[in-house]
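What follows is a group of structures, each given as structure tokens.
Shared between the two complexes below is subunit A, which has subunit B as its partner in the first and subunit C in the second.
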Partner chain A sequence: MAKLRNDYENSFFGRLDRWIRGGGSRLEQEMERDLTEPAPESPLLSSESIGEREDAMYARHAEAHAKEQAMFDRLHNWSRTRGRKLMNALYALLSVVICLSVILVLLETVSDLPHFGDEENPINNEVSERYIEKGLQETGAVNIVTGMILDYRAFDTLGESHVLFIAACSVLILLRVSQERQGGAASQEKLDAEANDRIYEPKNDIILQASARILVPLILLFGIYIILNGHLSPGGGFSGGAVMGAGLILYLNAFGFKKTERFFTYKTFKVISFCALAFYALSKSYSFFTGANHLESGIPLGTPGAILSSGLILPLNIAVGMVVCCTMYAFYTLFRKGDM
Partner chain B sequence: MELWQNIPFFSILLSLASASFTSIMPARAARRTAIVVTSAVLCMSAALIGFTTAYGGSYTFMMGHFPAPWGNEIRAGVLEAVTAFAFSLIMLISLLGGLTKIEEHVEEGKQNLYFIMCELLLTALLAQVYTNDLFTAYVFVEIMTIAACSLITSRIKGRTLFAATRYMIMNLLGSGLFLLGLTLLYDLTGHLLMEDIREQVRMLAQTGLYHQPLTVVIALMCIGLAIKSALFPFHTWLPDAYGYSTPASSAMLSSLVSKGYIFLLIKIIYRVIGLDVIRDSGIDNVLLIFALVGIVMGSVSAIRERDIRRMVSYSSVAQIGYIFMGIGLGTEAGLVAALFHIIAHAAAKSMLFLSTSGLCEVSGERRLFRDLRGSAYRNPIAGIAFVVGAFSMVGIPFMGGFMSKLCFASAAMETGGARMLLVLLVLAISTALNTLYFLRTVITIYRPTIREYPEAASFRPHASFVVAMVAAIAVNVALGVCSQPVLNAIAAGLTCFG
Partner chain C sequence: MEFLNVLLLLFILVCAVSVSLTKNLLTSLIIFMSQSLAMSIIWILLQSPDLAITEAAVGAGVTSLLMFVTLKKIHAIDIQKDAQGGKQNGKAEE
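Moving on to the complex of A and B:
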């Protein structure tokens, strides 16, 4: 207590007293401190033993510093060498344990699920019954799956085609090289990307070209067939579009960008995906609106089995096919040289 | 069917269709389209709040010519309308406030792509709010994930690519777990429509059949969505993702994307599985514990930060913890508090990110605290907005955050027992911690400067920024002062939600 009384200025009551008198609180002082210049060094003590005391002080400081340094080194080295090793081992162990336990739990769960193919299963209910029994009659599509995804649950598929669109847009944001022109010439980034492409990609491979000449038309035709027959036989916009996209990529690999740029550029991509998606969104809006408000949509279903049947499904399949084909091709070219 | 009942459908399809139209527009037109579409959705949602309140209940809307279990269906009530209104309002504020920065950070040729992402993000949010079908929700979760990722990568600077990769990995893991849960649930119930699943789940719970798979389903869905919305142990992707992207992106990611997932989770817990089944499975306790730890750890990490944007990001971890705490209480009062905090936090956090960008702009784009001294004098409107946002986060009365803390506390009082003590204790601790780092920042930005900022002399905030900040301040104060109507609407909406 005696100590405290001697140091009244810095005791709690001293500070309180100062604060009440408006002398500035500790917080304010500390905030001001780093604004002002560091305080001037304290004047020398007028003692004879000043030299000795100074030496002793320096010695103490050096000792403390050495101690601290040693401790820091030990801890620091430990955390950098053994500590890190230990943490990594622990991390690996934990991740393996967690992974294995998740796998175990999931396997256990799967073994408790309803038996596959049992007729008493909960999934065999009125929903699938109506799809199978009335699907043809209500949607006009011989292929029930197409009828389901493009008519019964068309909203999901509308979202799904926008997933593809947004994926293509994301890749464009990430990988499309800058198109800014500097004084009439293409940007340096673009030139670099093209030079890279010329070095690393095959050029004029005769075997590839000869086989592509035969394969590409077949693949494209097959893709078109899958899309157009989507409502009649297995297939549809998604699978047909993927086949067509693969055909375009093969063509590009065999003959290079010069040939493909004649019919497929960034502009083509934009126009095709815009037309397909806008058509999809608008036509489905019409059909949702009429459906929800119990109006006649006036779209004929046609005779089941004919190529021009099942109402909107055929044009929607074409739109979806276009989007998928363009997205596939765009992914490939963007990852290859950052442009189409 | 009345014409106003088409509003949810109109707003979803309007923002969806505008995305494909934006893809062929130049940057200027794209910007205008995005703002006009968001404002239109905002007005329609406001009208829907009025109509549904008068209608008193919720209604379903057939998407197509086939009724519900066969075709798709959306559903709207007061709660959905309020949430859609809040989301579109925050979207508009974020877009307006970040407009000048988008022009600066995103390449001219890619700006229309940025606005496509915003429009599709809005679509996905609306679809998740309104949908009555679990699979539709999943499709739009995918759209939201991709849109959020490219909102981060639209500015390639520093750690954004790293952050986006991390974000993608964690979020795809979350999506994967959610899809797994969805598939198992479909196998157990044979339905995707929410009401029908609810009926089947109730039956399973009564008969005790498939007890273990059902618990795993609930766990998978909760953890999947918790990863995506950055609940505490899964939050490591968050600070980089929010801290380095363009301000509008940070505002949208923190206040819309994660909230969309949480809204979906609340929907699943309340409408699809049912609160009683959740309580029986014990998942709510797990969520509560994660949330409580997250609240404290998020604040502690925020205190340690020297970078203002990362500090605000870490405070999101704590605030997400609050929302999950409300869910973890497992009562309706807890859910009301969580839903109110979704709105209150979205309003405050988007404003904090935008005002932070305004403060950094007048400090030579430096973001450390020592460089931000006096920035509130150089950009007064951003300073005021930051103070209001910080007060709301801390929970000063007359701000949104105060009301939500009050709701959490009273919801905890209702449950009683050890939960109540834990929740109240953590609320007290976290309020103290919040005060520590937010008030430190507020004091810092009002302290006298120690260096010259030549670029700040001629600085005038852009009109759109000022408008956005004033609107955001008004929203925050309104949420605190007139919170009772909002709370009543949420409570009324929740009763006709299940």
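Moving on to the complex of A and C:
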């Protein structure tokens, strides 16, 4: 990049310009001026004139100060009262206008969309035809959605579960409170976090505990049912895992960390996440090398509708469910206590 | 069924507007939860129960829980302060 020069006067083109206009070189010009114009004589100042000048200067200063004060007052007044009101009104107006225009644009777009459930829609192409017609034979899953996301497009789901795991890792990095110091005493940060944890909630809430005793087993069972039945009925790994995670969080809220630490610690999270993700990656990551093409797994598909059917879909569902459940629970504990 | 659909969509609209207009963060969070629940019913009406389960578990459950915890962390849930804030709001509205 060329160096920027600000003094055009002294630059090459400036001098060229002056030379063309008939000025000779700068040195000559200055010499000429020195010869023609004698320097103005400095007048000797009397003490009176000095006094006058000082007075005038003081008067000017006072005037400027008064002006400045008035200006400051006006400005302050304006920004405190009228200006603020005006700006608030402007903001309100602008927010409404922007919202309305966005709504209008979106509605315009929606009105241009093809009609819901229309036969001629672009989504009704050979891909969905293939999924609907051959899905049951090729994947063995009665639930077409699960057959799609865990068989035809299993690599998509692989990426999704890894995204979840990475999200849990970043929350871990950002929010985890430093562990106990070497002396064995808990660090001040950790103590603060635990004290903060108990500020606004009673420790043993009877209503919460009584309802949790009934609800938690039901929620966990329902989550397990959704996961295991993912290839037969609506649901699957992700939704079942989320339900199970919610149940675990309820249990934690009702009975506290002492009880959950018996079966779920940081180590459990590590082991379960790693095993599930490794299993998934081992069984489906070949898709990235075969260009999303299918390889025969060799596992018999079984009779459609039975719980042990549709090959790899059931174990994959369990793996995804484990990852999602652990991630949800880890999110909650890390947000709340900065630890697991 | 059409009527129920329209009712739920209207409910979602009202919720979405009131979430942004509510001053109290806790209240707006609970409205957000109910909006998510209505959304999951709409998914069922649109015949996608998979999405409905996920929406109910993630949208209404885990997301709101995380936000509750965040509110507590930043000390936005303060019982006394809330009571005073409510009174002040009431006065302002009167």
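Just so we're on the same page, the second predicted complex is superposed on the first by the 221 of 340 C-alpha atoms of A that agree within 3 Å, B and C clash if a C-alpha of one lies under 4 Å from a C-alpha of the other, contacts with A are read in each partner's own complex, and residues count from 1 in each chain.
Note that a contact is a pair of C-beta atoms (placed from the backbone, for glycine too) under 8 Å apart; a residue touches a chain by one contact, two chains touch by 3 or more.
Predicted model, so just to flag it, every value in this text is computed and none were measured.
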item: Subunit B versus subunit C as contact partner of A:145, first or second or both or neither; value: second
item: Partner chain(s) touched by A:81 [first = subunit B, second = subunit C, both, neither]; value: neither
item: Which of subunit B and subunit C A:292 touches, first, second, both or neither; value: first
item: Partner chain in contact with A:226 - subunit B first, subunit C second, else both or neither; value: second
item: Which partner, subunit B or subunit C, touches more subunit A residues; value: B
item: Partner chain in contact with A:245 - subunit B first, subunit C second, else both or neither; value: second
item: Touching residues on subunit B, where the partner in the complex is subunit A; value: 1, 6, 9, 13, 16-17, 19-21, 23-24, 61-66, 69-72, 107-110, 113-114, 116-117, 120, 123, 127, 133, 135-136, 139-140, 142-143, 146-147, 149-150, 153-154, 156, 180, 184, 186-191, 200, 210, 212-213, 216, 443, 447-448, 450
item: Residues of subunit A defined as touching subunit C within the complex; value: 145, 196, 199-200, 226, 234-236, 238-240, 242-243, 245-246, 249, 328, 331-332, 335-336
item: Subunit A-facing residues of subunit C, complex; value: 49-50, 52-54, 57-58, 61-62, 65-66, 69-70, 72-73, 77-79
item: Subunit A - residues contacting subunit B, complex; value: 31, 34-35, 105-106, 108-109, 112-114, 121-127, 130-131, 138, 151-156, 158-160, 162-163, 165-167, 169-170, 172-174, 176, 178-180, 270-271, 273-274, 277-278, 281-282, 285, 287-294, 297
